[in-house]
Each structure stands twice: as structure tokens, then as C-alpha cells.
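Just so it is clear, A, B and C label the chains in written order, and each chain counts residues from 1 on its own.
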Amino acid sequence: MAGCCGALRAFLFEYDTPRIVLIRSRKVGLMNRAVQLLILAYVIGWVFLWEKGYQEKDSVVSSVTTKAKGVAQTNTSQLGFRIWDVADYVIPAQEENSLFIMTNMIITVNQTQGTCPEIPDKTTVCESDANCTAGSSGTHSNGVQTGRCVPFNGSVKTCEVASWCPVEDDSRVPRPAFLKAAENFTLLVKNNIWYPKFNFSKRNILPNISTAYLKSCVYDAHTDPFCPIFRLGQVVESAGHSFQDMAVEGGIMGIQVKWDCNLDRAASLCLPRYSFRRLDTRDADHNVSPGYNFRFAKYYRDLAGQEQRTLIKAYGIRFDVIVFGKAGKFDVIPTMINVGSGLALLGVATVLCDIIVLYCMKKRFYYREKKYKFVEDYEQGLAGDTEQ
Amino acid sequence: MAGCCGALRAFLFEYDTPRIVLIRSRKVGLMNRAVQLLILAYVIGWVFLWEKGYQEKDSVVSSVTTKAKGVAQTNTSQLGFRIWDVADYVIPAQEENSLFIMTNMIITVNQTQGTCPEIPDKTTVCESDANCTAGSSGTHSNGVQTGRCVPFNGSVKTCEVASWCPVEDDSRVPRPAFLKAAENFTLLVKNNIWYPKFNFSKRNILPNISTAYLKSCVYDAHTDPFCPIFRLGQVVESAGHSFQDMAVEGGIMGIQVKWDCNLDRAASLCLPRYSFRRLDTRDADHNVSPGYNFRFAKYYRDLAGQEQRTLIKAYGIRFDVIVFGKAGKFDVIPTMINVGSGLALLGVATVLCDIIVLYCMKKRFYYREKKYKFVEDYEQGLAGDTEQ
Amino acid sequence: MAGCCGALRAFLFEYDTPRIVLIRSRKVGLMNRAVQLLILAYVIGWVFLWEKGYQEKDSVVSSVTTKAKGVAQTNTSQLGFRIWDVADYVIPAQEENSLFIMTNMIITVNQTQGTCPEIPDKTTVCESDANCTAGSSGTHSNGVQTGRCVPFNGSVKTCEVASWCPVEDDSRVPRPAFLKAAENFTLLVKNNIWYPKFNFSKRNILPNISTAYLKSCVYDAHTDPFCPIFRLGQVVESAGHSFQDMAVEGGIMGIQVKWDCNLDRAASLCLPRYSFRRLDTRDADHNVSPGYNFRFAKYYRDLAGQEQRTLIKAYGIRFDVIVFGKAGKFDVIPTMINVGSGLALLGVATVLCDIIVLYCMKKRFYYREKKYKFVEDYEQGLAGDTEQ
């Protein structure tokens, strides 16, 4: 009891601190301080000020809506004079984070269920029915072969297929793009972000933006960096591509909205940064299935109530709005982790200097003898003897 | 060789531990222990227990499907008596993480390609053809001007445009909302989450939920917090808005599903938490392009085979299902990092006390002399002299 | 002044290093080294080599496009012989990260606005008008009740509803699936990823893939692990399910693309890994609203200009492309944090050995007396007396 109580008192009322050898040496002293300074500079300057190691981080949660505006007119032999508006060229009418704008198309009108000759290619051209196998259907074929070989035109015969007839001939993509006027369409991007960990939310339509400004402005990296309305042509050019080239075969444009926020500072300084990147790389050497396109159909009934459709292979540009970014805010944990490891690093200074002092300097033996106190161990001694 | 071997033996069989001054002082002892206690409390209590610093974290990977149910009837002069079901008011029919429900609309029937007067506004009203420039088309115009100035109605003349005619007049939004009955529609949200790092997956339809319950239940924060079926009206109200107001001009509702899981505990405790937030802020001061709407068309053929369309400007509420959260599970790395920095912090106690003992206490010289052993360096001595 | 200058010189030119007791003891020495070795092994082997603790991490930003190919033929009494191509079975025509392929359907042709008897179930069957309440409409009903009770067929009477008539009867799902041929359709997935922090981007169509190869290849985990074209049937089977079963009621398939990249190595080693997972769990015990389906309609005009529609309840498989992964690259911060905590841990070795040496060994008093130097404090002494 008394012993225990004494131990407790000892534990509480004793203070132990390491004994230090204090070497008065210019060389070593300066070196030691220098090393410590470096480490301090690193910990404070880099980890804390530059990398903001004292901040808790959170990733963005975002919601996006888009709205396109613009009208184009075309005049072709097939369709005659025609006006295209949003309801015509945006497919589907709405998406969550992206918007597809049709810039080019191959249109096949009045298709009906039936049988007709395939488009000629090395697999479909035939001499006689022997070349066609009924019921077969390749990956790229438009229908199921009936097994008959029929004239596609005066010169060439191809296998007949059961399909929507006449079959689509997408061998030639219109150039220039059918809706090249899309270059001047505008795209309004509304983005609402949220940092759950800090319960901080903001819109890309900043509070100081007036309605009047929004009605007229167009995004420009230099003059209007916070206007959320983009000219399609400009977006593509900012990414270093030609809109008219891209419009022909279509593609994917990334509209990147970067929200890097330091929430230790005013919320008004947390601003979106827009950048543009083409997401479907077009390297000439191997442009495998280049651009972006898909097929859709409008279904009709003819007078007989028979189902008809207009098949459209839509080439166009899909604008993906990619929102990303991190917010940082002071927090105790990361701070302490960095302080802790910083202190541990300071220890390195002593270790380094010790090595130099005790192994490299000519007066090392003198220093060693000062730093160390040797305690012989009997066993050890005997052990040593036995080893001789 | 022998020397090297000796060095090795020394390295292996020697144990060096710092020499300690043990000061028997109540003041310092207590202070020292107190500081150490604080640091320990912080490291263990806060970092480990509260912030779970011993856990590896992973973010959620999720997949969502939604399904709306409900029928509404309307009776208007334009459309007569009409029933609206899912196929009518959900556009597009399916999306990945969100669902749009049309609550209001401006419908323009039997549009055909042609020329007709623009809707009057400050840019389109004209006196004579001189006011209209052929081929021009503003951002907000419905077509391309023909250059003629034609009567819009008895009183006012506007520039004629080539477009889908008659042009849409969206100046007046119907109030109350056309499909105000949407308030009672229900929305089933199926969510399947996955934490790749821990290969842990779960659904928001919990194992203990019976089919019978699912058929009847409706989400309620208090009574049915795990029922994945939501009444639209309730969702909007939970976010602190009025459904009927929102229905008129549309908007975006975020259905947030939060999966914060502590995988060191039973998987059955990893549960979804639902919350609702309106993502398109409606601040009266600058409601720039308020709400949410888009245009789409249904295409027909008239008897002559001429293309017709019914243009619909759909106002409605888009429900974005936003799934987020983090899972934590014990892991060695973060634990060790925190232990390490914790230990390093313990060192701070000694540093602090040393400062007090050696600089602040009145018996500081006495202590210093005990703690330090001064080693003069000849060079240093000489250096010192030269400096005189 | 002189004092201050002296202090500065002292600070700069003094070097303090702890005094060490060097105990020559085999036991303790070996133990000490062993513990140090363990800690080193952990820090270097585990934290650095295995967990790559020296790397800065970043999560992937991704963009996906998909394209389906394939033709199916069906022959039913209702629709007769019919060919289905992409434009028919992909709904909507394009989505951002997923693609829906219709595999089964319940089609209700020539619906018009009107009144007709409900599908019989326990809520709709009636004896007389008394059983039907005008204007009521349940969650699962197809329309709004008119209050009349009309014969559904010879035997049974049901409440009449105002709705699209005739109402859909989805009681029986076609088995086998209507478009069972979808098993052989192919899906091309184009994925472009980006690591913003390292500004590193890559496509899943690798540079060494030739156009010819892409035209013919089909993904196979062993033979063609980098071919981005997937046979639908194979995808489902890889996830351990039967395509034909899944096709009947539909479901969600996750195509997971994992990009785990070590950017300290060659970029060409950063490769996509595909895996497949079914996201809608099908546990027999409670299959609440199993599979995946939705309704959409095609709208027509009959000769009288009356609106008609064909309602389609589409069952099918939605392929969600889930892209995830982390890239790591050497960075100073995490390295230093780990080094720091590693060093701190090394301190543990000394602590452990001290405990053993000073408390457990039989020569502990001998060692203690060597390690410690006791400094009596007068106050303390007095305090001690008073305590007697």
C-alpha cells in the first residue's frame, strides 16, 4: 500500500528530462541549426502554407441543367426548305449532365417493314442465291437475310434482307455538316454544387450576376469568365478543334467546371473555373469508330394504318458537363498529423549531426566519450571472454 | 575484418538509452503529467474514438433506378377532357439517376413548316418591312426572318419568320399548374451501392422489408424512414417549398441518399438516410431563368403526308437522386500514422516543461547545470579569442 | 545588447545532443535491434512498398459513350413478322453512362382517350356501380373511375375508368423473352478517363488496338481483355446469371471499368480492367418489384386527326458503365508524413526496451542508477517532511 502510494507519488511528482551534452562548436552548431531550419521551412512553408496540410478536404456533389438556344435553316433536295429548332436537334429532349446537339444526319424517310436488297459491301454482294444464307445476320447488317440475291441497282446484285426498307445507306456523310449553323447556338449551363462535409452550397450563376447581363452575355475566358452561357463554336475552338470538322462526324466535348474552394476564406471567393476538353480523341493513325453518332426513328402511320418510320442517323456533339473540385477547411486532425510528423522530422536533425559529430569529425572520440557512458555487463563480459 | 566484426557485435549487443535527469519537483511533475494527459486524451479520444482515425475510408459507387406511378385528369378548352399517365408525363421514359415529371406545359398543336408572324416583343414588332432584316435570327427568336412585316393581330404587326408555324407563345405560364395532381404521384427509388475497397454492397430496399409493406408504404422521416417510395408533394415540402408553386415553373429536387457506414460494425447497421434539397435556388431578387423546362415535339403526318408536330414546352420537376457517403473500416496504415504522430506529440510535453524548468523557474540555473554538460571546443575557444 | 548577442551566438554555435548510456548487454541489445527491425520492416515494406504510402492519390474523372449493334426478328400474332433494329430497341436513343436494351415488352396498340373497364383485380372487380366511386384513382389504377360498373368480359364486371383505352393488361409477361435474340447483340463502350491532379488522360481503346481488330473482336476476360466490344449474353453470364432469365423481367447490369494506375511507372501500364456485376439483386425470398421496366408510348393521329398511341411496357437490361479507380504518383507530403510517423514509431523501440531493462531485468537497479541522475528539490524535500 505504502509502496504503491509512493510509486504514485513518484509518478506524479517526478519529472524526467533527458540529459544533454552541449557542444560549443561553430561547425556543428551551425550545421545543426541549418538542418533544423530546412525541416522547419519544409513543414511550415510547404506542407502548411502551400499544400494547406491543416485543412480537412471534401469532394463536390453537383447537379447540372442545360438549355440550348438557336435556330438553323437548311435547304436540301430531300427535305426541301426546313427550319430546325431546339425540339428538332436536341435528342433526347433533356439529360442529366449532358446535352446532345445534332449537327449532321443521314435521314432515310418512309421506311416500312419488308424485304429489300442490302447495301453493297464485300459481305453482301452476290452472284446468285447461293451466296446468301437465309436467316443469317452479321453484326453490321441492316436485317435478316432471306436467302435471295436481288439487283441493288442496274450493275450490282446484293443479298435481300427482311428489315425496315429501304435500308439506310450511310456510306457518305454529308460535308459540310448539315446543321453547320449550330456553331452559333448557345448553351446555358446551370450548376449547383454542394460540399456535404461542410454543408456549403453554391451556384455557378453568381449572386452579383444580373438578369440583364445573363440575357446578353456569352462566356469568354478573359472578358466574361463567369457567364454560364457558351457559344458552341467557341467551346470547341477553346479546346483547340475546328467546330465545322467536328460537326461532320460528331464528338464529345467536356465542359469542365472546377470548384476549388478554400472555405477558410470568404465564400464569395469560391468560384467556378470553366475549361473545355475534347473527350473523343481523334488521332489520324487509328481513328476507330470516330466521332459520335446514334440512330433514332420517328414513327408514323400511313393511310392504311401501316407503320412507317423515318430513320435518322444523328451525328452530333454531346456536351458533357463535368463538375469536379475539392474544398478545404481548417481541421484539427490533419493539422495535428502534420505537426506530429513535422516534430518527428526535427528529430532527424539531431540524428544527422550526431552521425557527423561522432563518426566524421576528427575529435569524434573526444565527443563520443562525452556523449556516451559505457556500462559493462558481467554476462556480456564473460560472453566476450568465451568468444576470444 | 576483425574490426568490422567487432563493429557488428557492438551494433548488435549494445543498447543505448538516453540518460535522464529525474527532478523531484511537485510543480514540474504535475505540469508534465497534465500536458501528457491532455495530448493522450486528444489522440485517443478525438482522433481515434470520435474521428475514427484508425479506419481506412472509401467512397460509394452507386446505381439508381426510379419508377413513377399516378394518373391525372385535365379538362381544357384546347385539349378537352384528357387522362395523363406515366407514358405521357415522364420524359424521357427513363434516365440513369434522375426522373423528370412534367407538371405544367405550353402546348402548340399542328405546327407545320411555313412562314408566320413572330410573337410581339420589343425586337420583333415592326412598322414596315424596313424594320425586318431577311435571314436574321436572334437568340430568342423562333425562326429566321423573311424580311416582311405582317400583321400579328388586328392591332400589332411583327416581322414574319420562316419556322414551325404557328410559333409558340410562351408569354403566359398556366397557373395553377396544368398537372397539379402530380402532387400525389409516387416515386419508387431503387438504389444499389458498392464500396469497391471493401467489396461491400447493399440495396436501399432492406432485407427486412416485405413485399406487402412495399406495396403500401410511403416514405416518412419519422414513421417510415426506410420506405423507398416517395410522395412527390411530400418531397418538395420536406425541402421547405410549396409543390404547387414549384409545379408552375418547374425546378430540380435533390433526393439525397446518404450511406455512412462503419464496416467494423454489423452490415445491418449500414443504412440509407434520405434527405431532400431544392437544387435550383429561387431567390426573388434575381431569378434568372427560373425553374426548369425544356421543349420537345411529337411528330405526325397529315393526310397529304406533310409533316406536322405538336410542340410542348414542358415545365416540370426533375428529381435527381444523389447518392453519397463514406464507409470506414479498420486498417493498419491510418492507425499507425495517427499513433506515430500521437507519440511525436507526446514529445511536446517534455519540450514545454523543459522550457519552463530551464527558463522560467527561479532554480533554473540549478536545473540547467544538472541537465547540461558543457563541452568546450578548442577551435571554438580560439575562434572566440580572435573575435575579441 | 552584448547579452542578446551572446545568446544568439550561443544559439547558433552550440549543439546539444542527448547523453546516452550505452549498455553492453547481449539480451537487451538484440531485443532492441529486433524491435527496431520490425518497425522498419513495417514502415518500409508495408507502408511504402505495399501501400505506396509515398504516393499522392487522385480519383478518376470519366466520360463514356456506348453503341449497340444487332438485329432481331420476331413473328407474333399481334404484330406479325417484324424486324427490330437499334432504333427500335434502344430507349432512349442515347444516354450518358448507360444504355437500355429492350428485351421483352407488353404492347397495347391503338389506345385512345376514352372510357373502358379496368383490368380485374381485387380492388376493381365490382357487382354494381355502388362498388365504384367516381373520380377515385388508386396508385396502381390505369385511369380515373367514372363510377360505373361495366362488364370486362362475359364473366366478370369491373369499374369503368376514363383513361387511354383499351387499358394495358400486364398480368402476363411473355416467356421466353420477346427479343431473346438480344443475347447476341454487341455493345461498344468508349471510355475516356482523366486524372485532374496529374493531368493524365487515357482511352479504353488502347493505342495498340488496330481498326481491323476492333471491327472483329469481342471481349473475353482471357483472350481479349482489352477489346471494348461486349456480347450482351456474355456480360450477363460473366456476372453469373442467365441472359434468358434476365431478359424476361429485365434488370440492371453494371459494366465496371477499373483504372488503377501507378503513374510512377509507364503510362502504357495504366490499363482498364473490366468486370461485370448485376446491380438489381434477385433474391427469391423477397423479389420486390423485380427486374427493370418502364412504359413509353408512340403517338399517332388517325384519319380523323384523333390522337392515338401505342403503349409499350418495355422490359429490358440497362447496362450502366461504372468507371472508378485511383491513380497514385510520388509526392513529398505523404512521403514525409509516413517517414515522420515511421521515425516516431522507432522511438517506441527504446521505450519498450527501457521498460524491460528498468523494470523486468534482475540488474534493473544497477541500470537505473546509471540511466537516471536524481535531483532533489528543497521545496519537495520540505513537502515530503510535512507529509510524514
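By our rule, contacts are C-beta pairs under 8 Å (C-beta built on N, C-alpha and C of every residue); 3 or more make two chains touch, one makes a residue touch a chain.
Here is each chain with its UniProt name: A, B, C = P2X purinoceptor.
Quick caveat: nothing in here was measured; it's all calculated off a predicted structure.
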Intersection of the contact lists for subunit A (P2X purinoceptor) and subunit C (P2X purinoceptor): B
Interface sides of subunit A (P2X purinoceptor) and subunit B (P2X purinoceptor): same vs different residues, half threshold: different
Inter-chain centre distance, subunit A (P2X purinoceptor) versus subunit B (P2X purinoceptor) - centres from mean C-alpha coordinates, in Å: 17
Multi-partner residues of subunit B (P2X purinoceptor) (at least 2 other chains): 13, 16, 18-26, 59, 92, 95-96, 300-301, 303, 337-338, 340-341, 343-344, 370, 372-373, 380
Subunit C (P2X purinoceptor) contact footprint on subunit B (P2X purinoceptor) (complex, rising order): 11-27, 59, 61, 63, 65, 67, 69-71, 73, 81-83, 85-88, 90, 92-96, 186, 188, 190, 192, 194, 196, 201, 203, 205, 207, 209-211, 214, 298, 300-303, 308, 332-333, 336-341, 343-344, 363, 367, 370, 372-373, 380
Subunit A (P2X purinoceptor) - residues contacting subunit C (P2X purinoceptor), complex: 13, 16, 18-26, 28-33, 42, 46-47, 51, 53, 59, 91-92, 95-98, 100, 113, 137, 139-144, 162-164, 252, 254, 258, 277, 279-281, 283, 286-289, 292, 294-297, 299-301, 303, 309, 311, 314, 318, 320, 322, 324, 337-338, 340-345, 347-348, 350, 353-354, 357, 370-377, 379-381, 383
